[in-house]
Structures are given as C-alpha cells and as structure tokens.
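This is the structure I want to talk about, given as structure tokens.
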Amino acid sequence: MKSHRKELWFNVQGRRGFVNITPQVEEALAESGVREGIVLVNAMHITASVFINDDESGLHHDYDKWLEKLAPFNASGDVYHHNRTGEDNADAHMKRQVMGREVVVAVTNGQLDFGPWEQIFYGEFDGRRRKRALVKIIGE
Amino acid sequence: MKSHRKELWFNVQGRRGFVNITPQVEEALAESGVREGIVLVNAMHITASVFINDDESGLHHDYDKWLEKLAPFNASGDVYHHNRTGEDNADAHMKRQVMGREVVVAVTNGQLDFGPWEQIFYGEFDGRRRKRALVKIIGE
Amino acid sequence: MKSHRKELWFNVQGRRGFVNITPQVEEALAESGVREGIVLVNAMHITASVFINDDESGLHHDYDKWLEKLAPFNASGDVYHHNRTGEDNADAHMKRQVMGREVVVAVTNGQLDFGPWEQIFYGEFDGRRRKRALVKIIGE
C-alpha cells in the first residue's frame, strides 16, 4: 500500500470565501503514484470546510447568504456562549458543520473519479489568517 | 490491496426522492471479494446525496418537508443568483450539503459493518433525468 | 494491509449530549499497529453523530441550542410523521444529518493527523440507553 500526505495552505483575505482546490489535489495525486485507492481531503481547522460542489459564482453567493441565515455571525456572547471565551467565531463552527469537514474521493486509473461537475473547495468561515487543509492518499 | 468500482444509475421521476441502495452496495461488495476494508458510496452529481438513515416512509416525508423549509425551492433568480444562469436548482445544491455527498462504510468479514437500522440511500433533489452514484471498495 | 475494528459504547444520561472520544480512538489506533492509513469513526445508530470540532463547553451549548432551532424536538405525530410510528425521536434523525454520521481521519507516523484543535465527538440526540460507535482502521 502506498500513502502520500500533503498540506495545502490558504490565507483568505475576507472572513469568508470559497477556494477551488481541485488542481492542487490532482497534483498531490500525481505525486503519489497511486492508481487505485482513495483521497481524503479535510480542513485542519474547525471553522473551515472541505466540500464538493459546483464552481459557479452565483451558487457561492447563495451558499454564503444561506449559511449566514442558518447560523448568523454575532460576535457577542449574548447569542453564542462560545464567544464569551474571547472568540467571535461561533457562527463559523456551525457553518462548517453544514458544509462538512472532509471529502473522500475515489481514485481510478490514477485520476479523481468524478462526475461531470464535481470540484473540491476549501470553505473558509473565519479567515484573514494562514490556515490549511490536509490531503492524504492511500492505495496502489 | 483489492479495489472494485461500480456505478449505480437512477431516474427518479419526481424532482425529489429517496432510494434505498443498500442491496446494490451489498452486491458490489460481494463482487469485489473484499473481506476487510472500506466502501465509499458517493453521488456523482452535485444536486444529489448519499446518506445513511432509516428506511421509514414517515421519516422520508419529514426529511423532505424539513429540507424544503431549510432551503426552499425557488426557480427565480431573485432569491438564488445561481438560477440567473438558466438553472432552477439552486435549492438542490443546498439540500445536498445538509444531507451530504458520500458515506464511508466499514467492511468486516465481507459484510457492511452496520448497526441495526443503518440503510444507505440515494437522495435526489433535482430528478427527472438519469443520474448516478459511485461505489468504490478497497481492502483485502 | 492491516485492519482493526473496535466498538465504543455510550450511555448518555440525558436526551442529548456530546462525548469527547479522541482518547479511545487513539487507543484503538495504537492497538492496530497501523502507521500509515485512515481511521473511520461512525455512529452505528441513526439518531447519533460522530463529528470533529472544539472541546469547548460554550460551543457545545451553542450547538445544542442551534440544532434545536433547526430541528425542534416534538414528540407528536402532528409535526413529524415519523413519530406516528410510536417513536418520539424524528428531530434526532435531522440533528444527526446536520452534524454527520462519520469522520475519516488520516493516520501518519502512527498518529491521528490532526490540526491544532481537532477533537472527535460522539453526538447523542436520543440518549438514555446504550448505544455505540464503530472505529475501523486500515493501513500498514
């Protein structure tokens, strides 16, 4: 069994943003030499997501608005007890649960085994600092 | 390491629906010959889900109503910018994030290693056309 | 390829609760002898979750309140058809979908390959009875 590990680093300038990381995951897969197996891609931070969906800017606008409705930003400790610790990012911990921590993708013939529109995104919900995702590949 | 790949095809007649695919995944597992490992099952489309829950029609009714409340269908581009592209399925991209893209199931002694009520479903949120899920099995 | 399987059992006294299971998963990993691979941890029940987030009590309070807002408890069959079957836990099936069934964690150099704050939790949404999670480890 082969395995390969790679960290991808981000510094999203705003509080929130989506970054298409499909090319970086494909590059890590090529480096691994794995032809059959799986790729795990996960956020290494608990206020960020890795998810698979469409690379369409209107949809990203809609996701952002929808997540803000499901779990609104509120820095005060009146709404979110987590923010009584000095943090202001409780909402980001919730948005991340909706969008998910990780994806697992099949590798077939050395390629990400994707449907026609699948693209991998890093979803940032508490940015303006360096954060990272992990790519772990196992197989043969 | 052994690996096995299979596509499962669907044509859900309504816009939304849930299909129990546990028997097809078990069949793919039997074909694979894998005794110890994991099964990945994922939607290959970004407006559909694969998830594990109960095969109970009342619950499926409840999921449908609940998802419609969290992310209502609205074909116009006034609410969802994604629908300004000519699509009408922005809500389906959100419903899919709540229910998830994929499941990873342990394989033990050649069987899906399940608790008493676990069943695998394909969740369709933008149906009335042929779509598919991927089964990828790795192990020994 | 090595594989290792372990069940973790819980009896959360209230209806809902979060249990940090990181030490038990680390123990299972040490038993497995796996140095490079993945760990799958999943709820074996469909009204419970396994997820990764922060071990901070204020955040857990916030998650509980937020989930109750997204999918309120209501024992009657008027709101949730699932509860017409004699159950009262339809809300728990929804809370579980938001928080997720499973996590997949990379194993590197014999350790859980985690970012600085990642901890694994069992999330109970219909407790007061014995329930369990599955740890499955594959690798070399």
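By written order: A, B and C. Residues from 1 in each chain.
Assume a residue touches a chain if its C-beta (ideal position, glycine included) is under 8 Å from a C-beta of that chain, and two chains touch if they have at least 3 such contacts.
None of these values were measured; they are calculated from a predicted model.
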item: Equivalent-chain rotation between chain C and chain A, CA atoms, steps of 5 degrees; value: 120
item: Same-residue or different-residue interface between chain B and chain C, half as cut-off; value: different
item: Distance between the centres, which are taken as Cα means, of chain C and chain B, whole angstrom; value: 20
item: Of all residues in chain A, the ones touching two or more other chains; value: 1, 38, 70, 98, 100, 104, 138
item: Interfacial residue positions of chain C with respect to chain A in the complex; value: 1, 36-38, 51-54, 56-59, 61-63, 66, 70, 98-100, 103-106, 108, 113-118, 138-140
item: Sites on chain B touched by chain A in the complex; value: 1, 3, 5, 38, 40, 42-46, 70-71, 80-85, 90, 93-94, 96-98, 100-102, 104, 132, 134, 136, 138
